[in-house]
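In the two complexes below, chain A is the common chain; its partner is chain B in one and chain C in the other.
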Partner chain A sequence: MAHAPVAARPRVGVVKFASCDGCQLTLLDLEDELLSVVEHFDIVDFPEATSARSAGPYDVLFVEGSVSEPAHLERIVELRRKTRLLVTIGACATAGGIQALRNWADHDAFRAGVYSNPEWIASLARSTPIAEHVTVDAELRGCPIDPGQLVELLTALTTGRRPQLPDEAVCMECKRRGVVCVMVSKGIPCLGQVTQTGCGAICPRFGRGCYGCFGPREQANTAGLTSHFQVAGDRPREEIGRLFAGFTAYSEPFRSMVTELGGVRAGHGTTTTTAPAPRGGKA
Partner chain B sequence: MSRATTSDKVVDERVYEVHELTRVEGEGSLRLRVKDGEVIEARLGIFETPRYFEQLVVGRTPDEVIDMVARICGICPVAYQMSAVHGFEDLFGVRIDPQSRALRRLLYCGEWIESHALHIYLLHAPDFLGYESGIAMAADHRPLVEQALKMKKAGNHLIKILGGRPIHPVSVRVGGWSRAPRVSELKEHRAALEDGLAFALETVKVVAGFTMPAFAREPRVVSLRHPAEYPFSDGRIVSSDGVDLRPSAWRDAFEEFQVEGSNALHARSLDGKGVYLLGPAARVVLAGEQLHPLAKEALAASGYAELIRTNIYASIVARAVELVHAFAEAIDIIDAYQVPAEPLVAWHSRPGVAAWATEAPRGLLFHRYEVDESGRIRAAQIVPPTSQNQAAIEADLVVAAKQILDLPHAEATRRLEQMIRSYDPCISCATHFLDLRIEEA
Partner chain C sequence: MVIPVSRSFRGNRPETEGPAFLARADLQVLFDILREDGRRLIGPTVADGSIIYDDITSVDELPSGIGDEQAPGSYRLRRRDDERLFGYVVGPTAWKKWTFPALVPLTRATRDGHLVTFAPEQAAPPTLAFLGARACEIAALGITDRVLIGAEFIDPDYMVRRANVFIVAVQCTTSASTCFCTSMGTGPEVSEGFDLSLTELDAGFLVEAGTPAGRAVLERLPLRAASAAEQYGAAATVAAVRAKIGDPVPADGLHDRLLAQLDHPRWAQVAERCITCGNCTLACPTCFCTSVTQATDLTGAKAVANRTWDSCFSPGFAKVAGGSFRARPRDRYRQWLTHKFATWWDQFGTSGCVGCGRCITWCPVGIDVREELNAIAPPVARSPESHLVEPVAATPNEFVIARVAATKAETSDTTTLTLIGGDPAFSRGSPGQFAMVALPGFPPLPISISRFLADGIELTIRGAGPATKALCGLQVGDQVGLRGPLGNNWPLDRAFGRDLIIVTGGIGLAPLRPVLHAIIADRRRFGDVKLFYGARTSADLLYRDELEQWGKRDGIDVRLTVDRGGPDWSGRVGIVTHLFDQATWDGSNMIALVCGPERMIQATSTTLAGRGVSESRIHVTLERHMECGIGLCGHCQMGKYFVCRDGPVFSIAQLGDTFGREGI
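Moving on, here comes the complex of A and B:
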């Protein structure tokens, strides 16, 4: 991130790749701040919100969604060229998204076996995060991103300071908020100790285990947690694999756990316990 | 627009094209070709990339499916959770606590409010008032946009109380809720909903005052209808011409098919009558009797009760009337709320077909899951409202074509975009449904 304001009133673009639009919608969901945000930022391209268009250049570009079809490969490189600060928003852009579960399936056979007219559909074998293709300057995680983190990032951009985004585990958030541990008290499997916080520990607060939508935190001990699930919960490997096979499954070390344990059913209708290795280069 | 002289006559061919529609959810395009006054091509292209949800859920459990399908759409995740959870509960014979049922309706109220307020003011009103966006509109109409954002916030906050966050809430489970709110949490939000209701009533007057382009086509309309309540998740699937089905039986009357140039499947009715319209106008026409008295009154006073049947541009009025309904019902539910005795009832999986339709903000959303002996999904079909509305949109483009030929080209194109926005198309939703023909070998 820059250490000086990126521009007096930065030119901002908001674009999408493969996604549900929920992360860019979070910008419009800043109901209390939206009208002042647009005073500080010149939103020059945001097709979901305005008919005014700009092909760039951008001081700041918010990128939602994963790289998922052939045209995306060139488009992201082209956008990067026109952008000073590229910020990825959400699990699709930062981790490949839920659609990256297809990365464990044989996409070619899958399409040929499925469509009456597969040639009408363009899609890549793998859904991949933006950072696999271009340099990313900052990221907001989550499925969807957290509005508070978005405001923090926007504020940091206007002042040129580094955004304060936590990198600790969801577990810490639970302890701080006094949330009773769902794993200890109810035996519910929870990814809280291997997942980065930012959500406010929503799932444990709502009586559920964390499902990892903010992605793995640094040095997450997924193997240790897996052993615990196996020993303490007597859970089958594939069931544990499915815990990791969620919205950030393609981020390491979640990715290795899914490959090792299974949990994603391939295109042929069988559960794979030995997933094919991601096909590097072929995308 | 081009004029070319052929051997014996002048050919007048005009092409109206928008390569990337704006102020809609997702990525779509519009193309209309008119030759000598006759429409030769009318197409809503959908180029949003497919994400294969119906395949992704294979092998997963019902509760995992509820989390996953929410991600089809950031604007209407609740609708996806609702169609899925009701389908599973129907198959498994789960009877949820009556207060849990009321909370489900409350959750849907929240989604309708945030979605309708977003669409009316930030996406659609700029067409009627001549702005490029809701944000640009705020320069001249700041109080209006501020009030719109407050309404949207009230809806989003309702979802947050019930599900932890406005987008992709986490608490809907087969059998009820992973957590039910305390009475006080909901009561604290009541004042914001009262304010929202007052402004929703004002909104009906505001949009009824917009200049509506002339338009006349009376479409077949389809929605859920319930004898005692405005339709969210219960009732019968009915149409203006006699369809009457359980919410699980959508496939008895309708089917999907693939069309070249669209990453979304289209839908049609099996009786050969083809296109039909879903959404707020369809619901108000078919289920208007069950609107909250305040909403019914607002509709009558708007003068649009009849016109919404034939003028698609007037769907903005139907949407505003539903905004009134959603606020009014939310307040009623909160006033009667007691914490459910059993927020999450126990249930057991059984193999079979879990199918259900509920009313997403944009119209009827049908889900169908085949559940195997081990309680996992074997196959899935998801039919969102926008893919069902595609054919109606294209039919309306043909009608609209005749009314725009005298307008300057740029204005004509804008008018067509405005018409497409009248459907509030949700293109991310429509796109993920290409693999429903997956059958196990």
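Moving on, here comes the complex of A and C:
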């Protein structure tokens, strides 16, 4: 991240790739801060919000969605060329999204199973995060992103300070908020320990286990957690694999766990444990 | 345990001297008095499947008849068979939530052109009463007092919050499997640091004041004098809690023991299990590490610095430009454990741990600090000599009579005799020791003890010569003469917290069988345990039922091999050292116990050395001609040792260059 303010009134774009638009909506949902955001940022491109269009350049470009179609490969490179700070937002952009589960499956069979005219569908065999293709300056994790983290990033941009996007376990947030651990007190499997916080521990606060939508935190000991699930929880491998096979399944080390344990159902109730194709170079 | 007597009663002072009793129905009066005094009451209540501390106003909100079951990584509520209000053990909440909140604004700052301002936040905390603080928790408050307001620089926020708290302590009348206050010297008895203390009985509470403020409240309560039975009942209950907890982490010398083990391989092993999630530190009532984060508005003109709980387990905690000082999870686990139990003493004059067990229960993967401490820094073991006992029959011409209670044919030529009676010292003997066994007319024989019983021993004897054949031929009811237990023992205490390998063949398993019994009885004190055992044929394997049980049930890695296979054998064929061929383990934290012919011992120790097991960690039992068994006859001399008296167990390092030398 830059340490100086990006511009007096930075030109901001918001674009999407393969995604559901939910993260863009988080920006629109800021409500209290929205007017102030528009005051401080010149939003030049935001199809979800305005019909105004700009071809760039951008001081800050928020990118939602994963690279999932052949056309995306060129488009993301082109956008990167026109952008000073590229910020990926959401699990699709930062991890490949839920659509990356196809990376463990037969892409052609998927396409044929879903669409009556599969030949009309131009999609890549793998859904990949933006950072697999271009350099990313900052990322906001989550499905969807957290409004508090978005505001933190925006305010950090205007003052030129490093945004505080802590790379620590969701557990830290549970404990600070006095949320009783669902794993210890109810035996619910929870990925909070290996997942980066930022969500405010929203799932445990509602009595369910974290499903890792913010993706793995630094040095996530997924092997240790898996071993605990197997030994203490007596859970079958595939069930544990399924825990990791969510919105950020394609992020290491969740990816290795899914590959090793299985857990991705490839149509018709069959399970595949095929390793995903090797990571490609930058497009 | 003595329930201290309140120092002074006025107002409702009972006529008779002695502890005061508050009826259960009158507990609400205490609530009301504290609230009348303008205090917010924080106490135990059931929420989210656990007993948390939260705002309460009424006795009805207490966890009446609810207890808990705690284990490493597990907490469950359970219905008690009584209506006790405090029949539970400490839960997920620590009082630091109020004395040292998770988020505290520190400073508000502004920037206007070239000008900046910094305004410290002034805490205006509510006036609180903590209801139900346990001994360990009160000790924790004392520890954080030392850390945060006990020296030159103080935390003003903590100081003002702490000063505003009235503490109603509750004596523990039950404990959890995770408790170890007794080892840390903090409980279960509450003895100081409280305003009022309660000891719960079925019908009400024994009440004591600990401060003038507490006395002032006590005097407004509707009390009567406690009966002798109530006083005895209260004291006995708390004493029973102490007895039940025991002493899970012997703390004597723990500071030095732990700091001497900074390179122990166990740090890396526990780090494989540890998720470094930080739950232990945030659940801990004394962990005080924080980070300050800055929040700004979009103009950057206004900023606020917030202090939040942080954890030395998060990788970012020790980061500087260029990396982290404690980059590996093992570094961070070691930092936490050594700080809690060792360097805290150096910094603050106390342990950083109060033994409340929260870090054990609330570790999602159930890592138990007690287990790690006992493995990394094992309690100082008594020297092997000190727990060897003096036999009654101490001279070569004395024998104590024992009776054959059972015989079992182990193989075609080997029998196990169960001998009842004999010297009572046998019941306190140690694995590795032997007995001199005598039948009239035969020379007494040194035989390894293959099992220690409460009232006797087992001997496993191979009928090789006339005397051993005579012993093998004994029937139930026959008598023998015994002297012992004699000799030294396998140094099992050296193996606490380490991996262990036992290598032996044929009858050599007999002196090692009590080692396996001892390990199984206390399995968690040992790391990985392997048994490599060979025999001539499968029919020559001893203790076949036990071998199977050790492998299947008792967590021993049993590997067998025979010199000659046969139709009934589908396992390995070859000598015992061939079992090492497939193994890939590392012996740097391993103790080896070896019994067999000297050539086999030599081959085995060479193989072990190649895997990082140093000569000082390879222990062997030697065979020599023994007659007296007590170092008087000279038969068994080997260099500077008498094998019977100084051995039969030696380390290879101890034997030096006498070992393996022909003709010594």
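In the analysis below, the second predicted complex is superposed on the first by the 262 of 283 C-alpha atoms of A that agree within 3 Å, B and C clash if a C-alpha of one lies under 4 Å from a C-alpha of the other, contacts with A are read in each partner's own complex, and residues count from 1 in each chain.
One rule holds in what follows: contacts are C-beta pairs under 8 Å (C-beta built on N, C-alpha and C of every residue); 3 or more make two chains touch, one makes a residue touch a chain.
Owing to the predicted nature of the structure, the values given are computational and were not obtained by experimental measurement.
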Room on chain A for both chain B and chain C (clash or fit): fit
Contacts of A:Y250 with chain B and chain C, given as first, second, both or neither: neither
Touched partner set for A:L35, first chain B, second chain C, both or neither: first
Partner chain in contact with A:G207 - chain B first, chain C second, else both or neither: both
Chain B versus chain C as contact partner of A:A52, first or second or both or neither: first
Which of chain B and chain C A:F62 touches, first, second, both or neither: neither
Most chain A residues touched (candidates chain B, chain C): B
Least Cα gap, in Å, left between chain B and chain C after the two complexes are fitted on chain A: 9
Doubly contacted chain A residues - partners chain C and chain B: 207
Touching residues on chain A, where the partner in the complex is chain C: 5, 33, 36-37, 39-40, 152, 154-156, 158-161, 164, 166-169, 171-172, 175-181, 183-187, 190, 192-194, 207, 218-221, 223-225, 227-228, 232
Contacting residues of chain B [partner chain A, same complex]: 20-27, 49-53, 55-56, 58-61, 64, 67-68, 71-75, 77, 114, 118, 122-123, 126, 132-136, 138, 142, 145-146, 149-150, 152-153, 156, 163-168, 170-171, 178-179, 258, 260-261, 263, 378, 417, 428, 434-435, 437-438, 440-441
In the complex with chain A, residue positions of chain C that touch it: 47-50, 52, 73-76, 92-93, 97, 102-103, 272-279, 282-283, 293-300, 308-311, 314-316, 329, 361-366
Contacting residues of chain A [partner chain B, same complex]: 16-26, 28-29, 31-32, 34-35, 38, 43, 46-53, 68-69, 72, 97-99, 101-102, 105, 110, 113-117, 120-123, 127, 143-144, 146, 199-200, 202-203, 205-208, 211, 213, 242, 246-247, 263-265, 267-269, 271
